[in-house]
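By written order: A, B, C and D. Residues from 1 in each chain.
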Amino acid sequence: MTTLSTTSSPPRSLLDAVRAGVRVVDLGRRLTVGMPQSPNHPPYWHALPRRHGDMVRVDGGSAANDMISMGTHVGTHVDALAHVSQDGRLYGGLDVADALEGGRYAQLGAHTIEPMVRPGVLLDVPAAFGVGRLDAGYEITVADLELTLERQGSTIAPGDVVLVRSGWGQHFDSGADQLFMGQSSGVPGVGAAGAQWLVDRGVHATGADTIAYECLPPGAGHATLPAHRVLLVENGVYIIETMALEELAAEGLHEFVFVLSPLPLFGATGSPVRPLAVVAGE
Amino acid sequence: MTTLSTTSSPPRSLLDAVRAGVRVVDLGRRLTVGMPQSPNHPPYWHALPRRHGDMVRVDGGSAANDMISMGTHVGTHVDALAHVSQDGRLYGGLDVADALEGGRYAQLGAHTIEPMVRPGVLLDVPAAFGVGRLDAGYEITVADLELTLERQGSTIAPGDVVLVRSGWGQHFDSGADQLFMGQSSGVPGVGAAGAQWLVDRGVHATGADTIAYECLPPGAGHATLPAHRVLLVENGVYIIETMALEELAAEGLHEFVFVLSPLPLFGATGSPVRPLAVVAGE
Amino acid sequence: MTTLSTTSSPPRSLLDAVRAGVRVVDLGRRLTVGMPQSPNHPPYWHALPRRHGDMVRVDGGSAANDMISMGTHVGTHVDALAHVSQDGRLYGGLDVADALEGGRYAQLGAHTIEPMVRPGVLLDVPAAFGVGRLDAGYEITVADLELTLERQGSTIAPGDVVLVRSGWGQHFDSGADQLFMGQSSGVPGVGAAGAQWLVDRGVHATGADTIAYECLPPGAGHATLPAHRVLLVENGVYIIETMALEELAAEGLHEFVFVLSPLPLFGATGSPVRPLAVVAGE
Amino acid sequence: MTTLSTTSSPPRSLLDAVRAGVRVVDLGRRLTVGMPQSPNHPPYWHALPRRHGDMVRVDGGSAANDMISMGTHVGTHVDALAHVSQDGRLYGGLDVADALEGGRYAQLGAHTIEPMVRPGVLLDVPAAFGVGRLDAGYEITVADLELTLERQGSTIAPGDVVLVRSGWGQHFDSGADQLFMGQSSGVPGVGAAGAQWLVDRGVHATGADTIAYECLPPGAGHATLPAHRVLLVENGVYIIETMALEELAAEGLHEFVFVLSPLPLFGATGSPVRPLAVVAGE
């Protein structure tokens, strides 16, 4: 259970606000067999062990069901704090061996990620700069983030979730899988400095429309992941990857209620998710 | 994107309501290897292909990751409309063969379930009757539902999500797996009449704290599933199973914002979920 | 069972022997969803992602395929030497940490099990004692093994593979899954002494028609596994479990060519197998 | 490769032949995460849910175990007759719908493939033509097969298993994964005519060192599979793919005992295998 700090002018109630009408923007990618993902993780696979008609009950009823195999860092997903370590230590200085219990990360695993219903801010960097999307391998600087915030007229408060759009998700939409993964091209994103800027603003979590959140230089692969270190290991800030941010950007929604409800997978290092941006409907 | 009808006295805004403080009650069960589930579905399994230390980068960083195998009707989950058919037809009269495309339910699959941010109502049946939980195999009647609604002073509006508590989830909490599954004991739940009552009130989805939502008579297994037929096939009402409702009941929260964001698994018959009840914090 | 045509003149070589006709007795259990197995391992699951007709090529051709999820110690399987350790050490005194490479058992893993084409001996203990099968929880003693060997008139040479029949596999055949697993009943098998007797005869591998090879006392579960320690850890003798030995026994085949070709699963602790007993045909 | 001690007197039987010493050549590829395979199938994935030390029993013993996810047409594998259909019919004219039972191929599934202990013949086409390997996309003709047979001085008898080497497996050995898969380059192999020639000789099964057995023209992908149709659908001849044939060729072993023991996966369309070539040792 999460309690956020109250403000002086209280709204009538959250439920009334929802009754008054909400618009929900889906920030998750559809999970399909063959979708682009890092080869470091078991890919998403799905089959139907039983289809309608395979077994029909005497009353004419029939049920179909599924079999799924996947990693947790495929599709849109959130990283648990157990995902990345530095020099043998996880967030809070926890020794990686101490986090394990029976072969799973009992400490800092995905089951420890509290559901998020928090103020969300979209930092639409390419829009602030008047471009369709950032260049491959471009590192989003602190100056870029500040300028975007200023031009949008947005503010970030402690506890907020900040989504950094690069426009790179267009390659997911268009089926340009190799470009989206960017193994040879590179991928734009924040580096260690940008991550620290977010930390300094007290963000609870941050997401991006790219496969690794990071700025990946062309041809460099995933050799080092400085933003992960700053966010997950040093500051306990969750990272959300492969988000769908184009619709949010197209509608110019920079502030919204951000909802994320990770599957409480005991001891796992992340979870597939379908994040939402919710705003009052008109 | 979902738009609910507006009301006359608009709240300042949803985001303000969240900024004012929210409490989030987790309605999802933790996913652990060995948890109780129907043998009809691939069980939840999890392993770490890579733990910290297995591969350390030159900069001292290390990542751990996961491998998951599971059905979609395990743990807390939502049924897609493609899950159940009657006489060869799905919701809307769709022929089961026509719903398939390339071997998956392209029509009415889990990817077609819109995220839910809707008014939610808990019908706490055992509390209304002053008992800890309902008896094994007890069918919750229309009279029971109406009396519960009345005693709670709750109302159900079209589009709401209604959660029917039986108290049976206590067996999940206590680790009484065989009882929770109820193969021999039976399980309490609504039958065809109760399901129709919910339909008549225009509910969008309904959930329960039991493994199959249905009333399962002792020893009868899952021979017929009348509530599934009424809800999924005849009326397109989603069903959510194996919910954690004890905390909600203990706090007496009968009305709340219900949030459900199913994984958009293309062509699947359901999705694991972590539903939330959200209320304004004090 | 396969029978090739026979010839009158004695074969000069192995190939001639096969050309002269062989009978192959299948010692493997069919893998089916729901078959009995230890809950310690991911169960065998199977679905068809694509069936015939899901995608038909322009020339009228269509392919169906599979998706499998399983542990390696399910169904008939062989244990790699990496499966069991004692006091932190594997066979040969290898430290368990040193056997790992990138999170898999690069040393002593299933990929290091050489295929076996070796003399095989069936020790049909219940037949030697004139009973249908041994009692639940009965420990097969050294005296039992010696008497069986003597009554059969069999001999064991170094390098042979010895299969110890208890008759318990009848419960697999009859679908008495709970009895076959024997969690409450117990299971007959050799103990530490019997295992040492096999080691002293220089066997290369040994198998049984039970789920754990071991003698499991009623209600004791798998608390300790003395035969595994003696065979795998102390002597590097492979263990084959859940074998189908009833047909071999019914035909009185005590000596044969034993064939085992484990899947070379890199770094795994075992492999599902389908062992064969091959004899010259009549 | 395994060598047992030899004896001077010629063996009287199969068992004597094995006692006299056999050499076993492994024709299976090691299964490793990331190995090349067709994207049409769930890839091979493996993780250890439990490693040594995760749970140590009071007596100091510890067991490690595995979790596997895969298709059946990955690594070295055999196709069941249920794998391919033509115009809605499987081998023997069986309607594809009639082969299904409860959602699996109860007819002609992998569980119906009898283990093979049969005379085996290697047709080493590149050796016969004095080249290291055949060209990408080259179709092995009937004339090629006949010339190879003649130059080798081999004969094929009904019931034999014939392995056709192209040398393309060298790309698997060298890690040239893209070339081995040949999506753009093409892959050498027999076509419909070569397949018919094998059928006319009465072969029981046939294998190759390529990913699809077929001749794949450059850039054509797997649009049509004529050899599969001739072998599986029209004549009930099993196909074995992705075999390791380089060692066999290097040793000039053209005739041997071929051993194949597919996992009896109920209702599946194929099985991973580790085929063996066995010859008398000297």
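The criterion applied here is as follows: a residue touches a chain if its C-beta (ideal position, glycine included) is under 8 Å from a C-beta of that chain, and two chains touch if they have at least 3 such contacts.
All values reported here derive from a predicted model rather than from experimental measurement.
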Specify, for the interface formed by the sequence copies chain C and chain D, whether it is same or different in terms of residue numbers shared by both sides, with half as the dividing line.
same
A-D versus A-B: which has more C-beta pairs touching?
A-B
Of all chains, the one whose CA centroid lies most distant from that of chain A is C
If you average the CA atoms of chain B and of chain D, how many Å lie between those two points?
46
Between the Cα centroids of chain A and chain B the separation in whole angstrom comes to 24
Roughly how many whole angstrom separate the Cα centroids of chain A and chain D?
43
Chain B: which residues touch two or more other chains?
33, 42, 45-49, 51, 67, 69, 100, 103
In graph terms, nodes being chains and edges touches, is this line, ring, star, complete or other?
complete
In their shared complex, at which residues does chain A touch chain B?
1-7, 9-26, 28-33, 40-42, 46-49, 51-53, 57-73, 75, 82-88, 90, 96, 99-100, 103-105, 111, 114-115, 117-119, 157, 223-225, 228-229, 255-257, 259, 261-270, 272-276, 278-282
Quick check on the complex: what are the chain A residues that touch chain D?
34, 39, 42-43, 45, 48-51, 54-55, 69, 100, 102-103
Complex contacts: residues of chain D adjacent to chain B
33, 45-49, 67, 69
